[in-house]
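Look for chain A in each of the two complexes below; its partner is chain B in the first and chain C in the second.
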Partner chain A sequence: MRKRTLILICLLLPLIMTGCFDSHEIGDFAYVTAMGIDQGISDTFRLTFQISKFSQGGGGGGENDGGGGEKSEDMEVITLDASSLLSAVALINSNISKELNFMHLKVIVLSEEISKSGKLQESIAPIIRYRHIRRTTNIIVSKGNAEEFIAELKPYPGELITKTLEELFKKSSTTGYFYHTTLNDLYDGIKSPYHALLLTYGSVNEEDKFESEGDAFEGESDIPGNFYAGEIPRKGGSKIELFGSTVFDGDKMVGKLTGFETQMLLMVRGELKRGPFSITDPSKPDVVIPIDISEFEQPEIEVDLSEEKPKIHVKLKLEGDIASIQSGIDYETPERIPIVEDAFEKYLTKGIEDTFEKCKKLKADVFKFGTTAVCEFWTIPEWEEYNWLGKFSESELEVEVDFTIRRTGKLLRSEPIYSSEGKE
Partner chain B sequence: MIKEGNFGYHEAISLLVITIVTKVFFTSPAILVEIVGTSGWYMTIISMLVAIFAFMFLYLLLKRFPQKNIMEIADLVLGKLGSTIFLLILGGFLLWTASVSVREFAEVLKVYVMPKSPPSFIMILFLVTIIVLSFMGMETIVRFAKFIIYILGAGYILVVLLSSQNFAPRHLFPLLGYGLDTTIIHGLLRSSFYGDIVIIGVIASSLQGYKEIKRIGFSALLISGFLTSFSLLVFTLVFPYTVGQELTSPMYEMAARIDYGGFMQRMEPLFLFLWNFGTFIEVSFILYATIMIYCHVFRIEDKRPIILPMVTTLYSLSLIPKSIIEVTSGLVQTLRSWGWIIYYMPPIVILIIAFIRKKKGESQNA
Partner chain C sequence: MLKGLKNLFVYKKPSEHGFRFPEDAQESESWNSYRGKTSNLQDKSESNNSQENRKENQDRDTERDSGKYNSNEDQKDKKRQNKRDKEEKVRIIRPKPVYELVKKKDSRDDNKENQEKINEKEDTKQKDIKDSQENTPESHNKDKENPKESNSEEESENENMSDNQENCSESDETQKNQKSKGSKNEEGEDSSQNNSQEDKENDIDVSCSIEENIKTLKDIFHLPVNQDVIIREFKIAREIKACVVFIDGMIDKSIIIQFTLPQLMDPCALEGFEEGCPIDFLEKNILSIHQVVRMNNYKEIVPQILSGLTVVFIDGCDECLVMESRGYEKRDISVPSTETVVNGAQEGFTENLRTNITLIRRIVKNEALVTEFKIISKTNNILAALLYMEDITNKKVVEEIKRRVDSLNIDYISGSGMLEQLIEDKSFSLFPQVISTERPDRVASFLMDGKAALVCEGTPFALAMPITFFDLFHTSEDSNLRWQYGTFLRIVRLIGTLIALLLPGLWTALILFHQEMIPTSLLASIVISRVPVPFPFIIEFILMELSFELIREGGIRVPGITGNTLGIIGALILGQSAVSAGLVSPSLIIIVAVTGLGSFTIPNYSLALAVRIARFILIGFGAIAGLYGLSVGFTIFCALALGMKSFGVPFFTSIAPETKSNRDKIVRGPLYNQDQRPDYLNTQNEERMGDNPRGWVNSSKPGGGRGNDQGR
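What follows is the complex of A and B.
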């Protein structure tokens, strides 16, 4: 009898436990996939929520549907002014049949205006407390309004917006043109005595930099990627682009870095896995030699604090392949290959030094040299008293680059072109 | 009537290690970072060494009175009145520590997982399991601990391994935190973290003699010390000291940060498993030890009628703190910093009195 009662209790218990206070059906929620924060007009903040309706037409199947069902994704964008995220959510929840849920929030977009206003601590730092929002949520600072940026945030054809965003952010480590940041990085960055905050820079590309008509380009090419988001001379594709990064001093945006400068920065931080570069041909300056860097050794960084001004020494070791030689000059020979290697070493050294000088002027150690400097201190009070972030602008940098060309692509050597005039 | 039964080396170590280490999953690491900064991971080794030193006295006491538990020894050394006072203080203290653990568990669970459930609902569900475990007796609790420790261990290793993507070795600097003096002082004070080891005195009769107790005590402390230190090291590697001290449950946050792309993220349910089962074992063990003490003081043979009233008292005590702030900054902090007085001092005092009064148990070989 006792055993039967116990079995009965065990069988009944799961039934009554399913309806506890926190139980929900998936359909109860409206899933926010992107959130924008702008300076408000009728209240402190203007918050924009992109709500994705994940649905499938036709047959069943999951995200990677193999069942032949056609995926459709409608999106709704809601914008409102409120004093905080919590009150904005409450206002929206009172007007829609679902409950806003941030479990699948992929990106938070901050307008440049609000980033520069020094309201990061007020606007976004408290969000870290919000239970639904994960520390792994991506962060972007948008050139214009966050509201406009979110309106243009659309999935790649045939994909879910969540997947598109995930894939987009992954590009950071393979091109280095922008820095992939999360809410955790933001929070860590504004509270860190080791380094300054760096965030992804994004913009809507209005295609106004693309010139449809005009004279053919002549002269030396500019450094590839040396522009900010929204300035890439392109046409078609997604209107959204992530390019460059924004630099903060504390919680206030003080400047921005171009895509190229971000590459230089990430290289020094050891966060670039591979990257495309182009140097001016040493013998023919009107053409370039594209180089694909595929191997980065961990940078060796030393910080000397023995003198008044901190002295930083960076040693980089990298390997790469020549992707093409536009001039057709036979650089592949053992005698000539050092010419390209030296040119590339100088190119990187200058790029890093220029980026460093820019960051020094902005008084922001986005290079994370502070994480090396801290090793010179035994206790936290000593370290905090030294105030590395204040000293950074006085520091001096010495860069050493060691570059080796490993491969020359599918061609082992470049033969000259033959024409009626003979060998060119 | 519940029989305590006998259990061996592995079972006892599993039980003690889970009871001690589970605390690291809650708010303690954040408070520790606030006090000592980056040096918490080795500060706890100092605490462990102090706990080993304090355990030596308990061991000497149990060696002097073979086959007797601390309640029986207290009766022999302090007399009936002295023993009753001492045991009621110890029992009351253990019940209070269990109530703090239950409330801390409920609060943290409410913050992260069940925001809409009232704490009382979470606690009642939790305590129902404790009641079932307590009715089954100490032997069942111990054997359950032995069974679950492998699963908990695997989960723990998985969380740590997956978190390695977020490790930043530079977060360990400055190495001495807020200073060596601060680290040592708090290392000595916070030995209470390992204070649950004294419960070994309560269950001494179920263990295989004082030599086994010595092995169990030292092994449990060393393993707990290593696991706690390692957990704090991992947490320090993931969160810099400026951020680490703000977190409600650093270890949970650490698990939540695991992200290996679309198919390997949101790993915190794994951690939830460690939390729940760890706390079940911890509270069941402490509560059952309290019941054993209470029944001994009042000469109650059958423990079953005591379980429900004791759990009700535990539940009522858990409801006393007004908020999570009172639990973390007040109770947990007080318990970790000053708990050693009640954990470690009584065995020392009893041992001294036993020496003075020349009280001694029968020889094990007699």
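What follows is the complex of A and C.
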């Protein structure tokens, strides 16, 4: 019996040794939900922390609104200059009653300035080592200051900021207008010999593109989504916009892609689940035919390295529905469907080729063609010696799009408009 | 005097008492004799008497010494020992009084036991040669004591011997299983001595004189102080003095009023009777009672009176008639309250042993169902019955249960609950090792599986063993329902059990250590709800769990119909007001309530209690070291449970160690797929059904409905 007790004590002792020092009351923390990194003025970096207080307007028992709705006043934003994240945390901890906790950090915002200066390696890459921050934390490059961006980062009414952000990032795969990146992608993109880094591009929309007065719009519509974050002509709603993406060469930002270009890019990468497109009507150029692409097959990519210049062949296969026909022409008939299909195929081919050319100029393989090209090599050193990222700017692209219209919407047949003047 | 006593006597409702069945060989023999069974070995045993005695004595020596083997004994000593042994043998084969031989006849054992002894004789002879050389001083003392006793009181010595005989044969049987022979046997002998001392009190033979018998009875039952025992004196056919003795309340009065006294007191009762003792005449011609037995020793008679039989003493006879007349108040069969089912039998056990066995026998109508009776407590004489299927149950299991029950030496047992604690393998284990059930249909299915059951008077529960975790987890409803439904219920129960066991610990670990694992929106509501709470989380949690336990325990004690309602309402009100008072957070109340619900899904009350206790321990582990601590705690519990055995069967059998599970662990297969008895029981007959349990499915009869019935 004594022996048994001794063994039991020996077994339980290490358990006690671990102690409770890691134990914390859940309310002891200040949960940081967003963090911004800017170029510092009094120190290397200017760090901005958005702390969610999780407090309710009604207070107390929470009988009125059961959830955890937040108002903007429930957010606290602290900005300070420091040489590193750890020292910044220590500085803040000494000033507030709670302890900063990054376990629920949802987004890290980098200013465009710091991205272009090539300080990614110093500023953000080491954060991946930090135990409290998840690798799934989202990364945004903001057009202006990260500090300003975070100040405008407000939850959708009645929601938590984290929930708002989570839902927002999910839109990436359904619209394709921006690319959703995480801390892990960032680290991988910087260090990878296969592809270049692509980050979400975000901005505060100052509503300056929205013209409340002026002449009526005339002429051809632009390609939808062919602009950058902060340029959407809109008013109201959240001031934050995620649109387009930024392209990096190594750890230095070299350019940015519009929403439309990002769409094309994601399509080639096979990361788009569905997406809205619109093409100008082949018969009436002043109106558009919106097309909802609902099914993407995984693109077939072939890379031919036999010649001096790499030759890339991309084959896309998509299916979609016609959302509307503004011109009223009956494209639904079996004879006319191919007209729309051909027009859309050409539209996509051009879009992809343009995007490719742009990336070629930026010398950044954001298409991830490198992952296919690497299959041509037997060993990693051979591959690394080949320097794909360098050769990418010399490559040539051949695109083949196969588009099929599955359904024509709820209308089976378009009928002309009848007026007092008769059939149109 | 007696009339006065009767007048004084106020009728009281007797407490429930069970059927008193023959306990030892002597009794069973006497029962057998009135049942008309005669034994073939009767003569043989008489002739073997001296031989047996000799053998027994040797046996006793063997056991006493076998544990104390000492190879360094001197040669001389050995010789001396041999001499002494021979002397002893001679001493014990002394002639006996005649009545002693008669008694021997009664105390003769069953055929089997005799057979065993004959077999063992050869073994013991061989051992004797060894053992005789190894006598130790202690055994000398023992030997010296015996003759002293025999000189002073021959009767008691003989009793002692017969007890020893039992002990010896018993321990011989179990020798293979025992490693600590020496100590065990010493204990056995001590107990036998105690018994013999106690027995001395009532070990008086029935006298020929009725006055003397009445005096003895009054002495034994402490009359007239004790007013329960009634001695009714009368004259048989106005000639022979006689009396009936019984305990009021324990008997069926009509037996005495209608079938005993009228017949005996009829003036013509002794017509045709000639000279001598009328007892035989009366038993065979006059008394119209279904069970009558003759006895001649108060040691046997007294327990019979105590269990509700009526005894007739007749002047001039040194025997008395013991008549079956039990008829006391007992509870009716009712719906089992702790194991209610929707679909299935609605009969539960009662406190009456005979009723309970009848309930089981009504389900298992088979001649192979064997019921063995045994008095398990010394003073309150509680009777227990061991049930098993002779042709299915593993004999070793039955032997082991018998060994444990026989060895009990305890004054008071109130029922199966106490018996369970006395025979279980590990008293310190948290989990039950014997299943206690209120349902006869469950016991019947256990018996048919090849388990053994112990039914004990006093509580409406039967014990079944050996068991595994999964038996505690099943209900009788599972097999009554179609297998899909049964499986679903079991999965729900499994989830409930896991929630009840792990959720509180998990919650503690998450809140205190792993805030990153909580989804942010959940974290937000927890943080908000905890704002007004002044206590640290762990205090708050334990406070809440404890008050829930208080409600559960208090709810049982609340009298009457209000009990259940008060429990639920009380919990709701308490929770609500605790939240508004800012003492606990609402999220915690949900956790505690779900945990409570989970623990209610566990069908076995013992297992549910174990889980309730384990829950607190796991909260502690979770609070000390988070998920790591929780997993350590859970591992410890698993290890303890896996290392546990119930009558030789590991607790988690059919998972670890892996055996054929017969599709009856958590997921239950269709009935016809469960074609074998549990593998771990090593039953004598493993097949539960034929090769084609549903004969119609594969019947090749043309037009036999194959096409129609199978729905193809």
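Observations
Note that the second predicted complex is superposed on the first by the 387 of 424 C-alpha atoms of A that agree within 3 Å, B and C clash if a C-alpha of one lies under 4 Å from a C-alpha of the other, contacts with A are read in each partner's own complex, and residues count from 1 in each chain.
By our rule, a contact is a pair of C-beta atoms (placed from the backbone, for glycine too) under 8 Å apart; a residue touches a chain by one contact, two chains touch by 3 or more.
What you see is a predicted model; the values in this text were computed from it and never measured.
By the touch criterion stated above, A:Glu25 is placed in contact with chain C alone, chain B being left untouched. Legend: residue contacts after superposition of the two complexes on their common chain; A:Thr5 is shown touching neither chain B nor chain C. Within the superposed three-chain model, A:Ser419 lies out of touch with both chain B and chain C [touch as defined at top].
In the superposed pair of complexes, A:Arg135 makes contact with chain B only, with no contact to chain C. In the superposition on chain A, contact of A:Lys163 is made with both chain B and chain C.
By the touch criterion defined above, A:Tyr194 reaches chain B but does not reach chain C. Chain A residues 20, 22, 134, 163 lie at the interface with chain B in one structure and with chain C in the other.
Chain contact summary for the complex, chain A toward chain B: residues 17, 20-22, 131, 134-136, 163, 166, 184, 187-188, 191-194, 371-372, 374-375, 377-383.
Residues 511-513, 515-516, 520-521, 523-532, 536-537, 579-580, 586, 621, 623-626, 628-629, 632, 636 of chain C touch chain A in their complex.
Looking at the complex, you find that chain B touches chain A at residues 37-38, 111-118, 121, 125, 168, 170, 173-180, 239-243, 253, 256-257, 259, 261-262, 265-266. Note for the complex: chain A touches chain C at residues 11, 15-16, 18, 20, 22-27, 29, 31, 33, 52, 54-56, 60-62, 66-68, 70, 101, 103-104, 106, 132, 134, 160, 162-163.
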